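Have a look at these structures, which come just after this line.
Two complexes come next, and they have one chain in common, subunit A, joined by subunit B in the first and subunit C in the second.
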Partner chain A sequence: MNTGSAKWQRTLFIASFIVPTLAFFSLFTIYPVAKGLYYSLFDWSGMSQDKEFIGLDNFKALFQDPIVWRAIGNDYFLVLGKIIGIMLLATFFAVSLTRFNFKLAGFMRSIFFIPNVISVVVIGVLWSFIYNPQIGFLNAFLSLFTEDKVTIAWLGFMNHTIWMLLPPAIWAGIGFYMILLIAAIQNIPASYFEAAELEGAGQWKQFRSITLPLIWEQMKVSILNIMMTTLNGSFVIVWIMTEGGPDNSTQVMGSYLYQMAFRQYHFGFAAAIGVLILVLSLITTVVLQRLLRHETVELS
Partner chain B sequence: MMIKNKFAAMSLAVVLATMTLAGCGSDKEKATDTPSTNEPAADTSTNESSGDKKLTGDFEIQYFVGGYGDKWWKKVIADFQAANPDLNIKEMSGPKINEQNKPRWIGGNPPDFVYIDGPELNDRQMVEDGQLEDLTEWLKTGTNVDGDNILDLLTQAPQQYDGKIYNIPLVLNSWGIFWNKALFKEKGWQEPQNYADFLKVSEQIKAAGVTPFIHTGKYPYYINGAVLYPAIVSANNGDFTVLQDMAANKVEAFNSPAVLGALNKIVEMRDKGFIDKASIQINHTDSQMLFLQNKDAFIPNGLWLPNEMSKDIPSGFDFGFIPSVMQDAGQKVVANTSTATVAIAKNGKNKEAAKAFLQFIFSKAQASQWAELSGSPSNIKGDISASNAPNFVKDAAKYLNDANTIVIPTITFNADVDKAMQDATDALTIAKITPEEWISRVTDVVKKVAK
Partner chain C sequence: MNNGIRNPVAKTIFYLILIGWSILVLYPLLWTLLDSLKDNEQFFRHLPWALPEAPLLWSNFSYVWSRYHFDTYFVNSIIVTLGSTLLGLLLAATTAYVLARYKFRGSNALYLLYIASMMVPFVLALIPLFFLMNSLNLVNSKTGLILVYTSSVLAFGIFVLVGFFKSLPKELEEAAIVDGASHYGTFFRIMLPLSQPGLITVGIVNVLNIWNEYIVGTILINDPSQYTLPVEIGVMQAEMQYRTEWGPLFAALFITIVPVLLLYIIFQRKIASGITAGAVK
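Our next item is the complex of A and B:
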């Protein structure tokens, strides 16, 4: 009897933690996702009382829409560009701020982290000004080296304007991952490096054979996180800087979803784009996790 | 034991809290679902027996607050309330009201009266969604509080959807081309009256080291509204039915020589190097700033420009305005209007009051009141010269009421077609596509939409 009551209390105790979490998770995650899936099967303007069930027609239209394909391409371009750019620079900064002792390390760490504190909206506006053809910093800087004033419209190329969104995205992302990697590197006992040095290993060898294997877990997490935040969140910087233009050349899935739902009144189609983002995120996560599977070296 | 009890109590509290929260959720569900079922309200009956109708019950007005402010709305609603003391008027307003009220429109429980302006509210879409009351019959004989026929009072006629009228334009605003009169005087440039003038003076402006023309490529509806559409009408000998046919998704209209001719004029401007290369990527504010700094001579914009930029206008800057420069010498000036309309909800509960409110606001007295309080011309014909409206509003009103101006009545394109035209115009200005490609691209979308 006594044990039964204790068991019951234990169950109640656990439930008191799980039930609220589950309730909120269902309410704020599962329910909207299910609702999104549901709406993607309808032809609905987003304002009408009536919606027409059209089965998978939205998805058929999705794959026939060239802008969707461009948006997917742009999204994966950003994912790839950001992973390469952020990981290279963040690792470089992390290693140089921890392994090479110099005076300004603490100060530099703060400087590199600042972009992470600034809201993405501000970053978008800031870089819009840098890219401004008439009063922007970039053209003014380039004009120092040329005879004529440089008047390049950095966000107005016929194609590949998406390239110009990569620098702000990378710039904004480095700080956080740098801090993550710094923490990982600082966890490595100094004796490993001392021993390696006594054996005659140079900095590069130390990095390859000690640092990299021991921070691989954190790098993996970083790469996955960059991928997920980009697929789901590239909307903000695109919307602030170009709204997907000119001529849809910088459209990503998120911005096209917004455009379709609230500017062109195709809510069902937009919901279908949402489902596409979900599916692609899941697939990419699985694929990346497989690719990054690597024997984890653990500190013992 | 005590600790155990404490935990038990706490967990119980947490569970209870979640249960109430969950309860909240389901209650909300009900709240949004039920209104559609108990639609007929009891208090809409009117006492028609006693000569003058007495309005009673609730009357809900939804109005977006944007560039025109809400001063006029507050005033006119207060006046309407004073005239109908038994009516319980509820205002639903603000810059976010369109989004906020969306669930009510979807749920079949919309406010009675709506002012269609701002984001996420599109009159054509609302008509297609069956949200607006058909006013065609009522307007045939509809008179305002003074006994004047409402349709006769309007400067620009309401847009027709398959021959039916659902919404009435309240604002009369116009797209057009601005320049700085002071700068033109100083440099000895001639203010353009037609396309030939425009090309000639642009050549001089360019030679003087100023870029002739800037627009906002981020929002290409500015150049479409102020340059392309008037150009199409001018190329069509001043006949604006071509635009109305385009808005009705008739493919032939897009293939008319007028459209190609208008597009070729934009190409000419582009190839002569008149269009500022910065245009393609900047937003309206940036383009307007460059214009105010005299870095660019002409800007396509709307009559709200002086008001919008009032804080940033340098001293000595003097706005020159013409509704369009795309007409040939001898042709009439074409003014493409920009408007905001009002309508009655099809599922509204107090249509009686909504119609009375329409009769109240479309009266001559409101013409000057709107101009004064909102800073833009009203769509109601009426002499506002004696009112306290700003000078440029009076000038614009004069322009738009002039017999030598062709006023294009308000036209809303299908949102997909509109976007396709905007994208294509942007692409055209940076030489990514040809005018023929513009047409084929847009007609592809039109065909898809018309299905």
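Our next item is the complex of A and C:
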């Protein structure tokens, strides 16, 4: 009897700690995600209740829409550019600030993280100002070297404007990955480096044969993380700085989803873009994991 | 002991790069403040890096505060951020504790569900979320925003706190149970106070993320009286195309940045460890 009631109390306790959270999470996260998959099968303007089931027609339309292809291209351009830019700089900073006995290293570590605590909206507005054709920093700086005032509209090129979105994205992302790599480097036993030092290995040799192999796991995590956050979230900075323009040339999947849903009210089509983002980020995760695992074998 | 770099030329180059990046990070903050003290004319007449002319236009701040209603947005942001952070902590800590300390059927699956959800792109949920909130009459409401933000921080909180509870020694709970404490008593009087460092880490990271959140806010809030700061910044930026008020715009940016910057300065270590904890899945 006694044990029975103790067991009942335990069950009650577990339920009271699990159920509210799960109910909350189900309603505001799981249900919307599931519903997103469901909506992608409908032709629906959102305004009326009459949704028409059209099966996979939204996906057919998706692949016939040249803007979607451009958006995918832009997304992967940002993924690649950010992985290269962030990983190079973050690794460089992480190694410099841990292995080289610089004074100010602790201070700089704190400074470099600052962009990560600032809202993407604020970052977008600041960089729009840097690129501003009339009163922006970049043109004013270039004008120092030319006779005429430079008035380039940096965010207005018909092609390649997406390049302009790379610097703010890299600037904003580095601190986070630097901290991740610093933690990894600090986990390496100091004796490894001391032994290498005694054998006369220079800093570059130490980096190649000790640091790099031992932080590779964290670099892998970082690369995957950059890929995922870019596919899922890079559209905010795009939306703030260019709204996907000019003429849809900087559209990424997320911004196109937003525009299709909340500007043009093609909710079914937009939901299909959401599914596309999900599928592509899963595929890319698998592919990257295979590629990077291969790399580990070569290194060790 | 590590000797650092021996070659003085290399050392200088490394130093220059590091100092260069420090400037690239710090300067935009400084210039946000400086430009918030200029009038429109100074933006067009002088170089962007020129110092503001005397008298400094501190009035830009009072202007955005009252004319752009930043007093309202600031308060909205605080209510939404605190509300969802506290509710999120409570919901995450309770589930995390049970997942860390009690074995029951489905406990592993439940944990995996929360972890896996961190891999799903949130954009997918945006459209249904809008219609869900609309049908619940929670569009244009701070409550609605709090509910959605709370849900969005649960997975991260559970992930970090499960790890934290697991790291606490079991003897304390065993002693409490011997002393006749109930499951609830053990949790609220012993485990929760002990997990304070973990709660603070998760709480601070959530405060930063929610304070800075833009896209959900933009979709769920159209009524200006309910805007949060980032939503208003987005609106202001769009308006600048036909109404140029650069000084007030920078004052607005500065007002938005300062609270998180202060928080960062105070809780630097917590923030760095908390944010990176979520990435090492």
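The rule is simple: the second predicted complex is superposed on the first by the 263 of 300 C-alpha atoms of A that agree within 3 Å, B and C clash if a C-alpha of one lies under 4 Å from a C-alpha of the other, contacts with A are read in each partner's own complex, and residues count from 1 in each chain.
One rule holds in what follows: contacts are C-beta pairs under 8 Å (C-beta built on N, C-alpha and C of every residue); 3 or more make two chains touch, one makes a residue touch a chain.
Every value quoted in this text rests on a predicted model; they were computed, and no experiment measured them.
After overlaying the two complexes on the shared chain, residue contacts for A:I114 are found with subunit C alone; subunit B is out of touch.
By the touch criterion defined above, A:T151 reaches subunit B but does not reach subunit C.
Contacts of A:Q134 after superposition on the shared chain: both subunit B and subunit C are touched.
Among subunit B and subunit C, the chain that touches a larger number of residues in subunit A is C.
Once the two complexes are laid over each other on the shared chain, residue contacts for A:G245 go to subunit B alone; subunit C is not touched. In the superposition on chain A, A:F262 makes contact with both subunit B and subunit C.
Applying the stated contact rule after C-alpha superposition, one finds that A:Q49 touches subunit B and leaves subunit C untouched. In the superposed model, A:Q9 makes contact with both subunit B and subunit C.
Using the contact criterion defined above for the overlaid structures, shared-chain residue A:P20 touches subunit B and also reaches subunit C.
In the superposition on chain A, the residues of subunit A touched by subunit B in one structure and by subunit C in the other are 9, 13, 16, 20, 27, 46, 134-135, 262. Interface of subunit C with subunit A (complex): residues 1-6, 11, 14-15, 17-18, 21-22, 24-26, 28-29, 32, 43-44, 47-49, 91-92, 94-95, 97-98, 102, 104, 110, 114, 117, 119-132, 147-148, 150-152, 154-155, 158, 182-184, 187, 208, 211-215, 219, 229-230, 233-234, 237, 246, 249, 253, 256-257, 260-261, 263-264, 268, 271-272, 275-276, 279-281. Contact residues of subunit B toward subunit A in the complex are 4, 7-8, 10-12, 14-15, 17-18, 21-22, 25, 36, 102, 105-108, 119-120, 122, 125-126, 128-131, 217-218, 220, 276-282, 286, 290, 295, 347, 415-416, 419, 423-424, 426-427, 430-432. Those residues of subunit A lying in contact with subunit C across their complex are 9-11, 13-14, 16-18, 20-22, 24-25, 27-33, 35-37, 39, 46, 89, 92-93, 96-97, 99-102, 104, 108, 110-122, 124-126, 128-129, 134-137, 140, 171, 176, 179-180, 183, 190, 193-194, 197, 202-203, 218, 221-222, 225, 228, 231-233, 235-236, 239-240, 254, 257-258, 261-262, 267, 270-271, 274-275, 277-278, 281-282, 285.
Residue ranges on subunit A touching subunit B, taken from their complex, read 9, 12-13, 15-16, 19-20, 23, 27, 45-50, 131-135, 151-156, 158, 242-243, 245-248, 259, 262-266.
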